[in-house]
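Common to both upcoming complexes is chain A, partnered first by chain B, then by chain C.
For the complex of A and B:
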């Protein structure tokens, strides 16, 4: 990358953040991220009023693992990234403002990278922060025991992995939805297809399982969540992918999707449907 | 491709089965060029093509020798004020101009200085820190114009740039276009205000149904429209004497006195023969001629002759 390209990526990033970060239009995304933070905060405050407790620290660790897999990965980050990334291009088409970018001496590939980084910055700031706060709140009512679990037990490592998986989810789903926003007039239909595909992942044959984002993310989660019956009998077990394959693999998939998006952006025309 | 012209070589653009423009070949020299034609005639398609916002179905386009397929080169020499009245949300006028200027790779200080200069030129300095959403239609038009020219382009493409401007702002804008044209820039304007097109244009391109109907200086275009008799207004002391002589000529199809009785409006199929005759009448009868002027070699008349009465501009 030469100096001009870096300056241009920076200019796109700044403009996008100015336009979108903490904008009123994105309230539902912030709500998606704040929801579990609020729940875990309420859990802390509620349980703090019941000393002695009705459950163990291990229960909260498992509960967080379930919250992370079933809420963050399957819903919060998925739909949050859909809202952030699919609007980067499609939103500008709908608002009839994309031509301002196309009329600057910007390679379309640079525009894709700049917009993606802007979306990623917002997604990471919102969802990784949310994951970290939720993790810190969920067992807070155990007081010193929870601090000890974090600082002297596996807590800190688990927190690091959750943050990494959340970040990788933003990277992967971000690339998917940026491409959807460029290729489809209605990215919601594509998003629904991806959501169903990701949702039925546990029940897919091993080979098909691997054509998804969630499979690799699940492999990286530090605490596995058992599938309850009767669904457990339909689950097809596949060997978890080691981290050294899953992390670069996800990054590579995101890079391929971004390259394809850049090629599509190169071919894109301004047609606001007039 | 010429380095000083905007060229279209046999360019066609279809939207599915709908024709945008068809087999257009043009060479646009520096100066002010106006695109004139009814709605749907292809003006905006032509502009979008030369700015690289859409690609031709066939043919080649060159803007000062640069293909619109290379926006990283093209957009350094070209500025486009599009017709879309839409702006990125939440930005002030200053941020709008400044932010897109940063994409050119200039330093923050240079962008700031250019932004301030161009805001002043557009008369938007006082409103610079208000959000664009709070601007009036005329202010939005001016801030769009400022953004399009902030990088000092050599080719300025303006789609209906006078829309929404009050008379003073309109006069200032026209003066600015004139200045750019005189500086040797290409100023390509589409406008439906024909008398203003007439005032500002060095050349016109008339479009209808995706085809270029005529191009060039308006007087040349008019003289080529031979099937329509030329209208000439002669103001003199005895127009009835002139009228009597004219009715003996086969090339004169109509002659009528003006309401004030001091002028004669005539239509002739051969303007050269009329001017010779007029000289003779002046010499023979001592007619005192105050003025002789073509009455229909303006854009409006040519437009009506070539494109028709029913067409809305």
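For the complex of A and C:
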């Protein structure tokens, strides 16, 4: 990659960040990220009024694991990335502004990379920050015990893993939805298929489980959350993928999807009339 | 004729009867929906499950079919009871959500995005008729997927089982009908409200999924973090499940809901809370529609 390409990626990144970061249109994405932060903040303030405590620190750690899996991975980051990334190309098609990019002396691959990096910056800033804040707030009412848990116990390592998993989720889902926004007129249908596929992952045979993003993300979570009954009887157990396979594997899948998106962008033609 | 002589002349043709005027909208809407191959295919695919159910009912009452299949004990394996019909309604209602998410957002947003609402309202056509027309598109489609095949299955079972079964299980029929209508109204109002507020169709569809699944996920986390059960108030499928359990079973509860609409045991909310939450959701949707469906819009 030469200096010109890097400069061009930077230019697209700056332009896109101006358009997407903290835009009014994306209010619901920020709400998705703020929801759990507000909830854990309320939990801190509410439980601070009960000095004896009604539950243990371990309960809060498990509650955060459930929050991370049930909310962040299954809903918040998934839908947030859908909103951010599928809008990068499809939004410009709808506003009839994509041709401005296509008329500039800029390789389409550079445009795809620039847009992806812009979306990724927004997604990482919003969701990783949200995960970190939620983790810090959820047990804050234990005071010094929670600080001790973070600094001298497994807390910091868990926080690091949660932040990494959230970041990888943004990378993986971002690549999927960027491709959907580029290839499909209505990315919703593709997104619904992906959502159903990711949702039924615990019940799929071992081989099919591995063709998903959530399987690798769950493998990396520091605290596992069991599937509640009655669905627990349908769960098919598969050996968790080690981190040294899951992390590069997810990055490789994202890279493949991005390359495919770049190839598709090279052949893209605009017809706003359709 | 000179241009300046072309003055206003009112329409002199025949008018559609006021009571059926709102049906003009679904007539054109169905034509447009029919053009989408995906929607047509999806709609047809929603009849697979009712067909399987009908087959099960038929086989259960046909001794020769059972012996042909070599499964004489199958009639004891699947019982045609409240679980069977609630399961049917649960599956069909989930498919109805998908259909509403695909077809609903395209109802109002194009009219608003292209400033075409005034073209409707300039005619002898009120805001109420406009909303009725738009909602009837979804109501008809969703009815064809839920309570109509449900009642047909009930009739088939009643026909094969006899009049006594029908009278003894009349509550199932009313449960299918009323339960489906509760779901259809919530779904249709939500789809139209989101369609009116979000101009990009895929975004409106995504938001609809978001309202159901993200709110449900958030409700579950509220329960987990706060050690409460009131987070279920954010879970629409849970609220619907509670209403269905009451409609299907009344005081003699034997199940805790059905597939996709299950209420976790021991975490049931009072029925009046569930009904109030659903009513509040519908009221918010109606307010959102009333704010957007206007003949003139002030653009600042």
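Keep in mind that, in the parts below, the second predicted complex is superposed on the first by the 273 of 274 C-alpha atoms of A that agree within 3 Å, B and C clash if a C-alpha of one lies under 4 Å from a C-alpha of the other, contacts with A are read in each partner's own complex, and residues count from 1 in each chain.
Everything that follows uses one rule, which is that a contact is a pair of C-beta atoms (placed from the backbone, for glycine too) under 8 Å apart; a residue touches a chain by one contact, two chains touch by 3 or more.
Nothing here was measured: the structure is a model prediction, and the numbers come from that model.
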| task | Scan A:79 for contacts with chain B and chain C and give back first, second, both or neither. | result | second
| field | chain B or chain C, by number of chain A residues touched | value | C
| said: On the A-aligned overlay, A:97 touches which partner chain: chain B = first, chain C = second, or both, or neither? | reply: first
| request: Spell out the residues on chain A that touch chain B in their complex, using ranges where they run on. | output: 3-4, 7-8, 10-12, 14-15, 18-19, 23, 25, 95-97, 99-108, 269-272
| query | Which part of chain B faces chain A closely enough to touch in the complex? | reply | 15, 48, 51-55, 71-76, 78-80, 82, 84, 86-91, 95, 99-100, 102-105, 147-148
| Given the complex with chain C, which residues does chain A contribute to the contact? | 28, 32, 35-36, 39-40, 42-43, 46, 54-55, 59-60, 63-64, 66-67, 70-71, 74-76, 79, 82-83, 86-87, 90-91, 94, 138, 186-189, 191-192, 195, 228, 230
| said: Help me check something: in the complex, which residues belonging to chain C touch chain A? | reply: 38, 98, 101-102, 200-203, 205-207, 209-210, 213-214, 216-218, 220-222, 224-227, 262, 264
